[in-house]
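One chain, subunit A, appears in both complexes that follow, with subunit B as partner in the first and subunit C in the second.
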Partner chain A sequence: MSENGFKPRIVAFLCNWCSYTASDLAGTSRVKYSPRVRMIRVMCSGRVDPSFVLKAFALGADGVLIAGCHPGDCHYIEQNYKTMRRHAMLRYFLEQMGIQPERLRLVWASAAEGQYLAESIDQFVADVQKLGPLRWSGVWEDPWRREDAFDEIAAEHAEAMEVQA
Partner chain B sequence: MNGEPKGKLALYWAASCGGCEIAVLAINERILDVDALFDIVFWPVAVDAKVHDVEKMADGSIDVCLFNGGIRTSEQEYMARLLRKKSKVLVAFGSCAHEGCIPGLANSTSRRRIFETVYHETPSTENTDHVEPQPSTAVPEGTLHLPVFYDTLRTLDQTVKVDYYLPGCPPEADRIWDAITAIVENNLPPPGSVIGAETTVCQECPRKRNEKKVKKFYRTWEIIPDEETCLLEQGLLCCGIATRAGCGARCPQVGSPCIGCYGPNEGIHDHGARMMAALASTIDSNDPEEIDRIIRDGIPDPVGSFYRFGLAASHLRRKKEAMIET
Partner chain C sequence: MITSDETLRIGVYVCHCGSNIAGTVDVEALTKFAEGLPHVALARHYKYMCSDPGQELVKRDIVEFGLNRIVVAACSPNLHEATFRRAAEDAGLNRFLVQIANIREQVAWVTEDRQEALEKAESHLGAAVRRVARHVPLQRQFVRIVPRAMVVGGGIAGIQAALTLAEAGREVILVEREPSIGGHMAMFDKTFPTLDCAACILTPKMTAVKLHPNIKLLTYSTVESVEGSVGNFRIKVKRKPRYIDESLCVGCMQCIDGCAFTRAKFPNAFDQGLGLRKPVWIPFPQAVPPVPVVDPEVCLQIARGKCKQGCVEACGERNAFRFDQQERIEEYEVGAVVVATGFHAFDPSVISYYGYGKYPNVYTSLEVERLLNAGGPTSGKLVLRDGSTPKRVGIIHCVGSRDANYHAYCSRVCCMYALKLAHLVREKTEAEVYNCYIDIRAAGKGFEEFYNRVQNEGVQFVRGKVADITPAAGQGTSAEGGLVMKVDDTLLGSIREINVDMVILAVALEPQADANQVRRTFGISCSAEGFFLEKHPKLAPVNTANDGVLVAGACQGAKDIPDTVAQADAAAAKALALIDAGQIELEPNTAWIEEDICSGCKTCINLCPYQAIRADEERKIAVVDPALCKGCGTCVAACPSGAARQHLFGDEQISEELEGLMNYV
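The block that comes next holds the complex of A and B.
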């Protein structure tokens, strides 16, 4: 926990064949890493649709981590290259939407790299901590939205009708 | 239909361009059949009934309300709530009510920026007193009210419960007729459904498709596409791969890439995310730097390219204010 008390919420998508196994290895090897990460196992990093990432941000994640097999090592031959391309596309899009692209990170971790994955998670959590909270749903809550505006409109209609009659 | 009491139909227009109102008339002489089946109780653009008349109707007394337009002002929100209460079936008619459409693309800016542009910055505007519309203004005769202009445009179903969606900017006449027929014959899909095709525009597109490998994206004015091959394979940002069918692939057939006006195909919530997923995987490179270069050189405006119609309905809904000026 940092001095400002902000605990980032991170969603991590880990591929079944390399990175999730790496996190398992980290666990069985008693390697400690930040508990701020919620891990979701997917069959392949290529399964991570950009909408998963955007939904995570919209629902309150402060950062999203995608981890998959090293390029060339994909269990499904070349799907992690698609992840690489989607990651580039997403970062570019997030920039335009006003989300720091650093909130999305792509890590390659093989099944043997439990230590490396744990370090990468800690590093990402520390980096997101520096960026501060995202609180995305606050972006569309409207300070101009007023319930009493409706009563005024209804009163106006009634008034207008009275004048005509 | 003779002898049976006529149904009651209402149509309304919120934040939209008005094209949907015209699209209703694109069903041509079949509008007479609609008139034979329904009493049009409220349609500000064509029928002289006032909001106050709707307020006086019993709840649920309108059988079908076709509501087009997004929700940008308090008045539009008021009307959406009113018509929801008075209608048995509320249909989000057209892209604006369904997913925000072009008015929703203004979620990439802010109320402040919109007012700056509209009331101060346009070259033809002369506004030396810096007047802007105010929600209420005191005058000697009393207080005048204007609707509150919201910072974020919402879709109809982000405002009230919606029974059916009719996609399209505007919906094609035949699809409108399909929907009206389905309503009349009581042959509607389960509530909450989009009335339309489930597949993508590619299904209707006659162009030849091969494996897609794109080295460079082009904007429409940069190349003249050949007439036979898939436009995306030629490097044009064609949204057909993620867009609902129903239009007959009119744009790609004449060499103009699909811009996605029919919204995402069945089962997809976030249109732009789907586009990004599909498009990124076609990039023909495994080198992160080259990938970045292909994307940034070829797609100057990802929000406008992928979310031209669906920004307000997307997961993120809008751009974050603080970063807009950068």
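The block that comes next holds the complex of A and C.
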């Protein structure tokens, strides 16, 4: 836990063949890492629909991690390259929505890299902790809070939103 | 949102895994938490869920309490998902109505704080319960396996694998890049430690390949592309033109005598360039098939279109020559593939201080094998470039192996073949032989005994790395000149300069130059040094990451002939077990298209690396072939209208899991 007492909530999408197996290896190797990450198994990182990432943020996640096989080692030949493209697109898109793109991270972890995956998770948790809470949980269901949220975002990004003369 | 289906009855089972889970996660609290989740009819915890009594518990509850969904919070689904699916099926429940919450590898073993561990376990369990509510029964799908195998590479590994498969009564297609099978083994003179003549033990096998009715031999051919997957590979093979019709040639070799070139003048690659050949040539006399090949670069008829065609005349009424032969592609369907593409001998010219390529009497071990071989360019006489017999020979071990600058690994065979060469050199020339080694690695059946024998034969062993090879003083670098090996003798504790007139470099075994391309063609992986990667170093030594593709021989790692043959038989047995099963279960999590929603935009089609999706132009929709779909779900994630769906990993299931994760933190 950080000094500000903030316990981030992070969702990790792990591909079945490399990264989920890496998380299994981290387990069998008894590597300790931050418990603040919740894991979802998908067959391939290419299955991660951008809407899942947005939904995770909408449901209150402070960060989303996508982990897949290293480029060239995808179990499905080349699908992780599509993940790479989506990740780039999503980061751009998140920024438009007032979410720091740093809240989304893509990691390559092979089935042999349990230790590395654990370290990457710890690093991400620490980075999200620095960013602070996203405070989006429930915001979109309540129209009043939504208005407030828009104002907050507008205030936070006032500089960026200013029309360049 | 959870489905409002009132008939859902979910059973939740929390496993202690002895103290593995229970030691960190409060299983009783977790079970109590599960009881409060929607649609949970029953929640239990038990010491070992995967044990027989644990599985019996699930089966009994399904029958007794009418459970129709099962969640097991235990170890990774990679371990026991299949176990609990089978248990559910035994009790009459569809096997796909089971979900595993990983609370061992992802929670108990990686978390220190008990409260945090419980919260994470609750989150994973809650997500699994929400997810399983969205599972629907699925049928298991099977496809027929093509009862035929392909072996790629016709060295000793490929020959052995092909013969084993053929003798089991299976059709085998053996593909070899060179004009003849035989590989490196055919180049050797003798084999360690028994000193069997390589040709004497190899050529009967080569002939057996040629004669076996179950083996279709494709020499001078390469694999172009591999489509499909385990059980049903479609492989395109490129057949290079020999300019001679294999079915008409009887192997009399009279065309070689008849060739317009009266003398051989082109280097024969099989002889490592030490021997010469004509434009129409055969690598070695026992080549299989015994059919010559025409080199289009130097054949006057093909290169210049003008020749008196003595070869065609010599061929006479057999009329086997086909100067208009073209490269062609043939397609084969096979159920399994054995990749046995062998190794490449390290090129020592990059190590400048050994002077290979600069001093003519510095040879590689493979060149010396050819010189010693009775079928080689000197008919088995070991001679220097000027034709004289060497009197003092230096053999340098570990050239390119165990060297951080080249290959860090040990090539495993060099010590033994260097000892064998030392023996053969002494036997043939009575020269003094100096073996400069780092360590002698003679760990094999009869290897240490052979080492002792060679020591007793008077071969000098110098423990140390050779630092430099220079011409002997005043003799220049001419063919007649002697050489000086400068070696740090670590046993003597001093630097020695040894005068020799021939140096043999025991070169490393390295991956073939095109190994990376081959691995991509077959969808397998390489280890860091570039050899093909087996699925598991101990428990799956011939399987690869691509099901149905097996590896054997030196393409998987440097190894000697006995190990290669053993591995080839293992790969053949694995291939046999696969294709004899007759059918194979398809991935359950395939994609499918909801036809009413599909707008026919074709976004999904280009995303599929397996060509599993095609456009139905008439109905203006996409169609998934479940036999080709491997279930990655990339198309599902990309479909703009939500028409692409996936069994087991659908939007509805993953979304529900996500809601569960976030709901129960």
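Here are some notes:
The rule we apply is simple: the second predicted complex is superposed on the first by the 136 of 165 C-alpha atoms of A that agree within 3 Å, B and C clash if a C-alpha of one lies under 4 Å from a C-alpha of the other, contacts with A are read in each partner's own complex, and residues count from 1 in each chain.
Keep this in mind: a contact is a pair of C-beta atoms (placed from the backbone, for glycine too) under 8 Å apart; a residue touches a chain by one contact, two chains touch by 3 or more.
All of these numbers come straight from a predicted model, not from anything done at the bench.
In the superposed pair of complexes, A:61 makes contact with subunit C only, with no contact to subunit B.
Contacts of A:116 after superposition: neither subunit B nor subunit C is touched. Contacts of A:30 after superposition on the shared chain: subunit C is touched, whereas subunit B is not. In the superposition on chain A, A:96 contacts subunit B only, with no contact to subunit C.
When the two complexes are overlaid on their common chain A, residue A:71 makes contact with subunit B while staying clear of subunit C. Contact with both subunit B and subunit C is seen for A:82 once the two complexes are overlaid on the shared chain. By the document's definition of touching, both partners, subunit B and subunit C, reach A:49. For the contact definition in use here, the residues of subunit A common to its subunit B contact set and its subunit C contact set are 49-50, 55, 82, 86. By the touch rule above, subunit A contacts subunit C in their complex via residues 9, 11, 20-21, 23-24, 26-28, 30-33, 35-36, 38-44, 46-50, 52, 55-56, 59-61, 73, 75-79, 82, 86, 118, 137.
Residue ranges of subunit C in contact with subunit A, taken from their complex: 76-78, 102, 104-113, 116-117, 119-120, 123-124, 127, 523, 525, 545, 589, 607, 609-610, 630-634, 636-638, 646, 649, 651, 654-655, 657-659, 661-663, 665. Residue ranges on subunit A touching subunit B, taken from their complex, read 49-51, 53-55, 57-58, 71, 81-82, 84-86, 88-90, 92-93, 96-99, 136, 139-140, 142-146, 149-150, 152-154, 156-158, 160-161.
Taken in their complex, subunit B has these residues touching subunit A: 50-52, 55, 74-75, 77-78, 81, 107-108, 111, 135-136, 145, 147-152, 154, 268-270, 272-274, 276-277, 279-281, 283, 285-286, 288, 291-292, 295-296, 299, 301-303, 306, 314-324.
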